[in-house]
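As written, the chain order gives the labels A, B and C, with residue 1 at the start of each chain.
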Amino acid sequence: MFFKKGIKKQGPSEKEKTIESFPASKEEVISFFRQQFHSAADLVIKEVCPHLTVLYLEPLIDGQILREQILQPVQNKKIHSLEELYSILSVGDVNNEKDPEKAVESLLNGSTLLHLDGTPRVLLASTPQSITRSLSTPELESQVIGMQVAFNECLSTNIGLLRKLISSTSFCHDQLVIGHQSKSRASIVYLKEIASEELVTTVKERIQKLSIDALIDTPVLAELIEDNSLSIFPQSILTERPDRVASQLTNGKIAILIDGSSHALLLPNPLIEFFQSKEDQNIRWQIATFLRLLRIGSMVFSIFATSFYVAALTYHYEVLPQPLLVPLGESRSRVPFPPVFETLLLEIVIELLREAGARLPTKVGQTMGIVGGIVIGTAAVEAGFTSNILIIIIALSALASFTSPSYMLGNVIRLLRFPIIILAGLWGFYGIMLGFCFILIHLLRQSTLGVPYLAPFYPPRYKDWKDSIIRFPAQFLYKRPDATRPQDSYKFPPSDGEG
Amino acid sequence: MTAMKINLAERPQHSISALLLFFILHSVQVGVGLQGFQRIVFKSAGHDAWISVLISGIWSVIVLLIMVKTLSFYENTDLYGIHFDVFGKWIGGLFSALYMLYCLFAFFIIIRNYVEVIQAWLFPQLDAWFVALTLVVMAIYTVSGGIRVLVGLCFFSVLFSAWMILLLIFPIEYADWRSLLPVMEANITHLMRGAYDMTFTIIGFEVLYFINPYIKEKEKTLKFSALGLAYTLFVYLSVMIVSLVYFSGAQLENTIWATLTLFKIIHFPFVERFEYLAITFWMLIILPNLGMYLWCAVRGMSRVFHRNEKSYIYWFSLLIIIPVCFVKTRNDVNTLNGFFAKIAFGVVFCYPFLLFAVTWIKKTYKERKRRKSI
Amino acid sequence: MKTFPLIVLLIFSLILSGCTEPKILERVGLITAVGYDDAEDGSGKIKGTTAVLQVDPDALQNVDIMTDEGYTSKGIVNLENLRSSRKIRSGQLRVALFSDRLAKKGLINFADSLARDPSISEIVYMCITEPTSADILNHQYENIPDIGEYLYRLLDQNIKNEEIPSPTIHEFMKGHYAAGFDPVAPILKRKGESVKINGIALMKNDKMVGKLNTKEGYYIKLINGRYKGGNMEFLLPKGSLDPILPKKENKGIPVAIDTLQSSSKIDLINAKEKKFNVSLKIRARLLEIRVPVNLDVPKNMVFVQNVIQNKIKKQADDVIKYALSKETDPFGFGESYRSSVRNSNLTRDQWHKDVSSIKVNVDVDFKLLRTGVID
């Protein structure tokens, strides 16, 4: 079963009044559109010359195109037929439309509707204005070396960015419309002859099966089409970097972009890729390998360090070496709570600081992080609320959780700490191990687009280990990862001998 | 009871590569037995106990060979299919049911031994049923995920616990290698007796009977299974030899969990008393055993009795927790272990030969009949 | 979903019922050293003295010394609990002391109780004290804030530097149960404001039967092959270096060497007569020699070497003779015998009977490799 969610498929919502074809008369047409847009102050209806009515949604169209290419040519002319009108207009994309519903749709997409009194058809001139901002540098996934451009909210710009990076005819771009209210355009991008057709079909099927009313951003889509959205682990990666998307497309992945969202979604995405940054490919392989190992190490540290502290101090004082015993005991001696409460308290303080910092403007946020951290930390130790050793451990594990290149996974790591701390507080090392085993089995049960979540480690694909927690020099990475089930397994012929 | 299919046609996404057999068999073999097999073998074979370990390891490979041969008579089947084919519906069903009982018994024994260790070393006050329940919940979570998850757990269990063998370097510091000499002082009866005592520790590879239909490349089965057994043997041998040189004879006899005692002297600058970590880490080592035995038993319910697998995962597991609460003392556990070892010896080390013989006779008989008819 | 409330119920019942007794670090008193003596009234009770670490930055002293009398070592801990604000636990025990009077009666019951308790480490050092353990633990030392830690570091440092054989509880139990060798333990004695390792106690099974000074203690390690290197000092007999000296010495000549390499091999030459040959191979450098000898001349160097070699041989002979006369075998001759004679079925008691009659020959191969940076 590809689609596990219990979302019932709903029929398209009933319109109050549907009509088969266009009314011919001017008055009828105007009243029809007024009825369709229940209340639309921005709907402009003008009679520019006798019999010719122009309709458009003002914020969506480009005023200049309208003036220069539609209004000026028809000015003071007598037009008798649509064909004549068609020949006059200098707008590139003009459609002759009979279906009133489609006409409404086009209006919503920024077209200008021209109606000639007495004709049961309309002309739709495409005059959209792109509501967007200029391209900026990536904020969330900033890199020292690499492309300094991030996606913005305009779908065509984003596709353009990708097309620029992959100038190939095998670049496929399918568009679907999601949400019967929002009518969001979603683009599915992949490379023909590389991406697995089965996976592409699966993605399309899952998107088409959705019957939600509105889709505003990609993370929502991610949650809706993932294999198991109940899991805490994200199964698809969100990225704002065109270069990352482009390089993953060449690995056989599928990207989904939505108009209005500045993040692309990459599928399928095994766990290991959350530890990889695009930058790893831009720096020397030794350093990239070291950084990847560091990230994985810091994840393990981040999840288990504080719970280890709790377990050792609550149940297993035997494991502490003599030199640590006295400093630990002294720092703990004035704390009135058991270690598990102390730790939970401090973890929550850290989370508060982080959350408050994220909500405040950058400069205030930074100050708050530093001041809050130092002031609260020092005061808490002096008041005897926490031990200073714990502060070090917590600060380190918080720091470690921010090394994750994926913001999503960083959040997961921080949240996973809490249940494990509680388990450690209840049953010491045994509790930690329960948590560890549970996470392991849970990860084994997950899949991303039907691909095992722990690929390439399990099922073992040794050749793909070359670009997993380690990174081999580029000339050895001639193979596409099996996890994406590529049609063509080789990026380039393997070179024998060293390059 | 309707007739069952002897050969299974497994869907391709369920099949696993033969390489994983290495991990499966090794992880199912290594379990609670490893924590304290030394003294049992030592009592029989003295300081030549390591030879007994070697004998039992070789014996296990021979049995494996027979198992693979038996399975190779069929296209793609498991033990339940063979039982049905060879012994018919009723007797075969009875045998299958007995084998399922054996699997559940193994499941129970593993849990009870681990509970014993947790209670003796970590938390004397912790209730047995509580530990059992947590383990069973983990096993249920694994098995309900299907064979892919189960094999994955085996894989990671081996991968994540492989470093533990390096810990044996620490006790070697206290070693007296003369303890191993003179070699072969024990007579052959004692050595065999010691090898027999290894049963409890070395079993686990019988799950090949059940995992067989899922293996992709059947021709590599023997190679990777044998490698798995060889790795197990290597682990057992190293642990046994280090124990023999680390402890003195009578001391080893008095040490119930010699492997854990070995870990007692390990200390790092940041953590001492490594056995506390090792014991809890052992959970990862026994979970594949629990999962695999539970899965084998549950598999029987669907293969032999055509029941829904899912619900029996819960029933069987809950069934096991109850007896865990009734076995209370160390003596009871020892008696049970001895009893189980006897059964396991029959089931794992003797029965495959019988099964092979019967299957072989049946196949040749059929073959002859077929030829005559041509 | 119906299963959800069930899962919540399960989790809560687990948390409520599965709670175990916490041992929070700062709320327990940690025994770091324990000493046992005979009770003075002769009632058969044991007097236990424990150094309990109670971490408290406000207190003047972190260590409480408590003494109680009881019949079992665990019983003593229970008595101490009665006057401690924190539950006393023994998981951080590092040093166990026994008075020599107790040691002469046998220590196995104590060692057994230490080894049986899973919370107690295998590397607890077992030491014999003179005259009593209470004397060492009870004293208020000027410069030692934590006597437990101090004793541990004292022993640890000396073991690491190969000054004394390692006396962990594991090695004690190993020696006790082994047929062919016996454990040893260092002897501690208070000297004013510090504690000194005063010698090595020879044990027969678990009973102390003899005593060597620390210098002689080297030879135990040297012979059983556990010696890696360390400083040694000899007093060469007077006149022994005269041929190479400008003028005669009429005192013993002190020499200090630093062993770089050493190995030992015990061979059973004759199984019937139980004749052993010990070959010691020592490579050392000269650290100090208190006479004006010209070591530039190779002949002189060889001479010094031979004199030291003879000295080592003589001392080794003496130590072996002494130990064997006490019917104890800390060197492992028995193990050598057991491992080279098939079906010897050697038992502990049998070997202790035989050991005083075995014959041991010691061969020493001693070489001075260098003499420091000057000649």
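In this section, contacts are C-beta pairs under 8 Å (C-beta built on N, C-alpha and C of every residue); 3 or more make two chains touch, one makes a residue touch a chain.
Please read these numbers as outputs of a predicted model, since none were measured by experiment.
A.B. asks: Can you tell me which chain is nearest the middle of the complex, judged by mean CA position?
C.D. replies: That would be B.
A.B. asks: Please flag the chain sitting at the greatest distance from chain B, going by CA centroids.
C.D. replies: A
A.B. asks: Centroid of chain B to centroid of chain C, CA atoms only: how many Å?
C.D. replies: Centres of chain B and chain C (C-alpha means) sit 42 Å apart.
A.B. asks: Nearest whole angstrom, what separates the Cα centre of chain A from the Cα centre of chain C?
C.D. replies: 65
A.B. asks: Of all residues in chain B, which are in touch with two or more distinct other chains?
C.D. replies: Residues 123, 126, 134, 267, 272-273 of chain B touch two or more partner chains.
A.B. asks: Listing for chain A: what residues touch at least two other chains?
C.D. replies: Within chain A, residues 315-316, 318, 320, 427-428 contact more than one other chain.
A.B. asks: Quick check on chain C: which residues sit in contact with 2+ other chains?
C.D. replies: Residue numbers touching two or more other chains: 18, 20, 91, 121.
A.B. asks: Taking the complex as given, what residues does chain C use to touch chain A?
C.D. replies: So the residues of chain C in touch with chain A come to 15, 18-20, 22-26, 28, 30, 32, 53, 55-57, 62, 89, 91-92, 94, 119, 121, 146, 149, 152.
A.B. asks: If you look only at chain A, which of its residues touch chain B in the complex?
C.D. replies: Against chain B, the touching part of chain A is residues 315-316, 318-321, 324, 427-430, 432-434, 436-438, 440-442, 444-445, 450, 452, 454, 457-460.
A.B. asks: Under the definition above, what is the set of chain B residues touching chain A in their complex?
C.D. replies: 13, 16-17, 19-20, 118, 122-123, 126, 131, 134, 138, 141-142, 145, 148-149, 152-153, 155-156, 159, 267-274, 276-277, 279-281, 283-284, 287
A.B. asks: State the interface residues of chain B toward chain C in the complex, per the touch definition above.
C.D. replies: So the residues of chain B touching chain C come out as 120-121, 123, 125-127, 130, 133-134, 174, 176, 178-182, 185, 247-251, 254, 261, 264-265, 267, 272-273, 275.
A.B. asks: Flag every residue of chain C that touches chain B in the complex, lowest number first.
C.D. replies: By the definition above, chain C touches chain B via 14, 17-18, 20-21, 91, 118, 121-123, 168, 170-171, 173-179, 332, 335-336, 338-343.
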